[in-house]
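Next, two complexes with subunit A in common: one pairs it with subunit B, the other with subunit C.
Up next is the complex of A and B:
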C-alpha cells in the first residue's frame, strides 16, 4: 500500500475542490453513509468516503487517478444520505472534471463514451444513437459491446440509420462553441 | 469625589492587546480620578488587597476596575470595596476583556477603546450613590418539577436536609425514563431494583408532597418567595381512596389503545396503572379511549371498584403553593426517528427504538423479558444496532452527541447475548464515546466477551427480504460496503429537549438553548444554577445525561437549594425602579408595561393616583423607566443621568471636544 505524506498535503487542491463544488469538505466526519448507499461501490477502487478522505488529506494524484470518479453514476444517493449536507455527487463531478483537465482518464472507455455522446449532440442537436454507437465502438475498440441488444433495438426503431432532423441544431452547436471559448464556465 | 482606577492585565488576556499602563495613565486625567494603576490580576488576593489599601491610603470614595465582564467578577470587587469600608455600589466595572482585548487585535485601537470604556465608567461612578439592600424572609419549601431519577434524587436530598418538598410529575407515576429501562450500564444491575426503593422513599417521606398527573400552571414571585399554581389533571379516580388493587384494570372492556409506558409495543386498558412498581400506585382513566367518557356507555370500573372511587365527573384542580426555590428536572425526549427515510419510516415493524428494545428485555415488559420481534413473535437471530440515530447529524438539526447511546447499545448487545446465546449482534457506530468510569472497559467487554460485531460505518438502507430485513451499510475501516440479513433492527435514538420545556422555561424565565435544553448560569462554575435566582436545574433538561450524571446533578441542585434556604433572610438587589412621587401623574403606563407585576397603584395624601414599586418583585429591567412620559420613574444605579453621562463621555458634545 502507498504511504501518503500528510505534511505535503496539497492545500491548493483542497481549496480548488471546495471552491468549484461550493462544499465545505471539512464537515465530512467519515460516517460512511455515502459508501453504504452507493450502487457502484463494488466496482470502485476507492469508495466514496475514501475519496472524501483523500481530498481532505490533499492527496491530489491519488484522487485524480481514481477509477471511481469515472464509474460514478451521479445517482445522488451519497448526497441524499449525507448527514452533513455535503453534495458528495457534486464533489465527485468536480473531481472528474479536474481529472480530465489534468489529462487523466483512468476509465478510458467511460471518457470515450462521454466524448462520443457530446460530439453526437453537437453535430445533430441531439444524440444520434447509431452514429454514437459506431463512434464509441471504433474509438474504444470494443466492437461487440452490447451488440446482442442491437436486433431488438433495431426492430423497435431505436437505432435509425439516419439522424433525426432537430430544430435549433445551430443553437446547440453554439453552446459547445461558447464552452470552448470559456464563456459558460466563466 | 475621589476615584481610584485599576486596570487589570488578566495575565496576557488583556495586556496582550491593550497597553494597560497607558490606559491607567490616561485615567488620571479624568475628572475626580486621584489614583490610577495597572495590576496583574485584580481579582487575585494581592490584587484585591491592593484595591483595599489604595482606598484607605488615598481616602477614595469610589473605585473603577477595568477587567473582565461584570458577570465574572462584579461580586468579587463589590465585596472588596465593601471590605475597604465603602458602599458596594460605589464601584464600577469596565469590561476591557470580552469587549476589547478578546475581540480586537490592533493594540493601538484597543487601547483607545479601553480608555473610552474606563472614561464612561468614571463618569457613571461620579453619579453613583450608596444603596442599601432590603432584607426579606424566605419560604422554607422547595418545588421539584419532574419525577425522573434527577428529580427524585433532588427531592430526597432536600427533604433529608430538612426542607419541605413539593414534587410534581406530568405522568401518572414518577420514575421517568429510568423506570422503563431493564438494566443499567456499566454494572448491568436491574434498573427498577435500584430506582424502586428511591421511589418508595418519595411516597413515604413525611416532608415530601407528591402530585402526579400535574403540571405547572403559572409562576409568580421571586427567589425565596415564589407563588406556584399547579394544575392537577383529572384522573377520574379519587386518589385519596384508590388503593391500587387493580380490579378495574382487569374488567375494563376498552383495552385496545397503545400503552405509552411500554412504548406502544402492546395495548393497555383505558383505566390503568402503568407498571407494578408505580408511585403513586393509583389507577387513572385515559379520557381519549374510555368508553364512558367518550360515548357515555360502560361504567364497568365504577361498578367493580370495591372502594367506589371512580368519578367520571372529576375536573382539573388548581393548587397554590408558596416555595422558596424551584428545581427543574423535566428530563428529555427521544428523537423521532421517522424523519429518516432510510429506516423505513415505520413501514417495517421489526425496526424498533432502543427504548422499545429495553421494554422487550424487561421482565415486566410486554413479552415478559423474552426477546420476540414485533412482526411475528419469533426470536431474532441476527440483530442490528444502529447508533447515532438523531445524534451528530446536521441534516436533522441534531449536531450534538447524545452521550449515552454508545453505552446503552453496548449494554443491549451484552443483554442480547445473555437472553439469546445463539444470536449475533451487529453494531453500526461512527465513534464509540465511553469516557465514564469503567465505561470503555464495558464496551470492550461487549466486543471481546460477548462477541458483538462492531462495524465502523453507517447504514444507508434497509429493505425487506423474505421475512428478514436486509441492512446495507458501510465498513469504513475496510473501505467496503457490508450487508446483514437481520431479524431485528434496533435504532439507538438520541436525546432531544422534552416537549413542553419551552413553555415551562417561559413561565420560570429560564432560557432554552438553540436545541431547547435549559441554559445553566455558567458552563463550568455554575452548572446547576440558572440566570433566574432561586431556580435550579437537574438532569437531562440541561443537556443529554446518563443516570450517574443526572443523580449527581440532582444532589448538586439540592445542595444549592439547602444553602439558599439555610439563610434566615435574603438581600434584595437595591438596583430597582423608584418613583419620584411629586413628578408621577398617575397615568399607569408603567403598571401596564411591567413584565413582573412589580408596580402597583397607590393614592397620595390628596387621593391622587401614584405608582409605587414593590422592591422585592422588581427585577430592575428598566422597561418602566423608558415608558414613563414624565421621567418620574428611575432605575436606581442606572438612572437617566448616569446613562447620559456615559453616552456623553463616549460622544462628547462638539464644542467641548474642540475645546479639549
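Up next is the complex of A and C:
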C-alpha cells in the first residue's frame, strides 16, 4: 500500500483547487460513490475518490502527476452521484488544467491529441477531422493509429479532403491569440 | 412553431453527415423550422474544456452571439458534446466575472440570452406526438432496439435540465410510438470511451464493448444513439473492438433520426443508411410489411 505523509500537506494547493473549482472539498467523506460509478477506474492510477482524498491531504505532486487526470472522460457520473453535491468532474478538470500549466503530461498521447485538435480549430475555425488525424500522427509519431479505419470512413464519404471554410475563421484565431496573451486561469 | 437556430457541429460535416442530414429531413417533415447558425464555428468540444474553461466558453459563446445576432433565442443541436459546451458556457457566464473574461476574448460580446437544447428535447417538448403518429407510413414493428443516450445528454441534471439523469426515456418514447419494441437497456447513460479512440483505443474497446455486449445479451437487434461520438465508437470502431476483445459483434448502430425518418417514409438518401459501417439491412428487413417508399 502506498502511504503519504500528511504533515507535508500543501495548503496553497488545496486553496487553489478550491478557488478554481468553487467547490468545498472538505465535505468529501470518502463514500466512494464517485469511484463506484466511474467507468475509467480500470485505467486510472488513482481512482477518482483517491484523487479527492489526495487533494484534501495537499499531495500536490501525486495529484498533478496522476495519469487519471488525463484519462477522465468527463462523463459526469461522479458529479451526478456525489451525495455531497461536489462537482467532482469539475475538480478533475481543474486539476488537469493545473497539471498542464505545471508542464506535466503523464498520458502524452492524450495531450498530443488535445493539442492537435485545438490547433485544427484555431487554423480552420472548425474541427477538421482529416487534418486532425494527419496532425496527430505527425506529432505523436504513431503512424498506424486508426489507419485501418480511414478506408471505411473515406468510402462512406465521411472524411472530406478539404476543410469547410468559416468566414469568421480569424475571429476564432483571435480568441486563441487573446487567450495566450491574457494568461488566463479559468 | 417559432424558428429555431440550428447548430450542426463539426462532425455533422464529416463522420456524422448522416445524423445531420437525417435530422434536417425529420425536422422538415415535422414542421420544425430550423435556420443554420450563420457562419458557426467549433464549440471547442471536449479538448477545449480540458485545457481551460474561459477558452472553452469563448469558443462556444462566439456561436451563441451569432444566434443573438440572428434575433433568435433558441438554438438546437443534435450533438450532446456541443450541447454540453454551449450550455456550460451560458451557465458559467451568468457570473459577471466569468462573463467579462470570456467576452474579453470575443470580437462580438455574448449576452447569453439564448437557450441551447438538443434536437431530441425539441421533438420531446415542442412537437405534438399526434403529428408524429399521423405521419408514420412505415412502422418499425418487428425490431427490438436498445436506446443509448450517452453520458452527457442528461448529466449533470442541474446543467442539462432535461429528462431523467439515470433512466432517460425521451428516445424510448419516440421509438415506441414509431412501433419498435424498445428493450430496457441498463447502460443508457454509461460512457462509450468518449474521444479516447485515437490516443487510447483500448479504453474505447473496453467501454464500447461493454455496451455492445449488454445490448446483445438483452436480445437487441440494434442500438439507437443520439451522439456522433458514441455512434462512431460503436459503429466505425466495432471491427477494432471485435479484434481487441476477440468478439464477433455485428450490431447495427443507428442515429435515432434515421429510424424516425425511415418510419416517416422520408427520402432514403437523406437518411444516409448506407453511411453506416455495420450493414443495417438485415435488421431493417425484419420490419414487418414494409411499405414501398417513393
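Please note the rule applied: the second predicted complex is superposed on the first by the 179 of 186 C-alpha atoms of A that agree within 3 Å, B and C clash if a C-alpha of one lies under 4 Å from a C-alpha of the other, contacts with A are read in each partner's own complex, and residues count from 1 in each chain.
The rule we apply is simple: a contact is a pair of C-beta atoms (placed from the backbone, for glycine too) under 8 Å apart; a residue touches a chain by one contact, two chains touch by 3 or more.
Keep in mind it's a predicted model, so treat the numbers as computed, not measured.
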First, second, both or neither for A:42, with subunit B first and subunit C second: both
First, second, both or neither for A:50, with subunit B first and subunit C second: first
Touched partner set for A:84, first subunit B, second subunit C, both or neither: first
First, second, both or neither for A:67, with subunit B first and subunit C second: neither
Which partner reaches more residues of subunit A (counting touched residues only), subunit B or subunit C: C
Touching partner for A:30 - first (subunit B), second (subunit C), both, neither: first
Intersection of subunit A interface sets (partners subunit B, subunit C): 42, 77
Subunit C - residues contacting subunit A, complex: 10-11, 13-17, 39-42, 44-55, 57-59, 62, 98, 101, 104-108, 151-152, 155-157, 165-166, 189-191, 193-203, 206-207, 236-237, 239-240, 274-275, 277
In the complex with subunit B, residue positions of subunit A that touch it: 27, 29-38, 41-42, 46-47, 49-50, 77, 81-85
Interface residues, subunit A side, partner subunit C - complex: 39-40, 42-43, 71, 73-77, 79-80, 87, 89, 93, 96-97, 100, 107, 109-110, 112-114, 117-118, 121, 125-130, 133, 136, 140, 145-146, 148-149, 152-153, 156-160, 164, 166-169, 171-172, 174-176, 178-179, 182, 184-186
Residues of subunit B defined as touching subunit A within the complex: 342, 388, 392-396, 430, 456-461, 472-476, 479-481
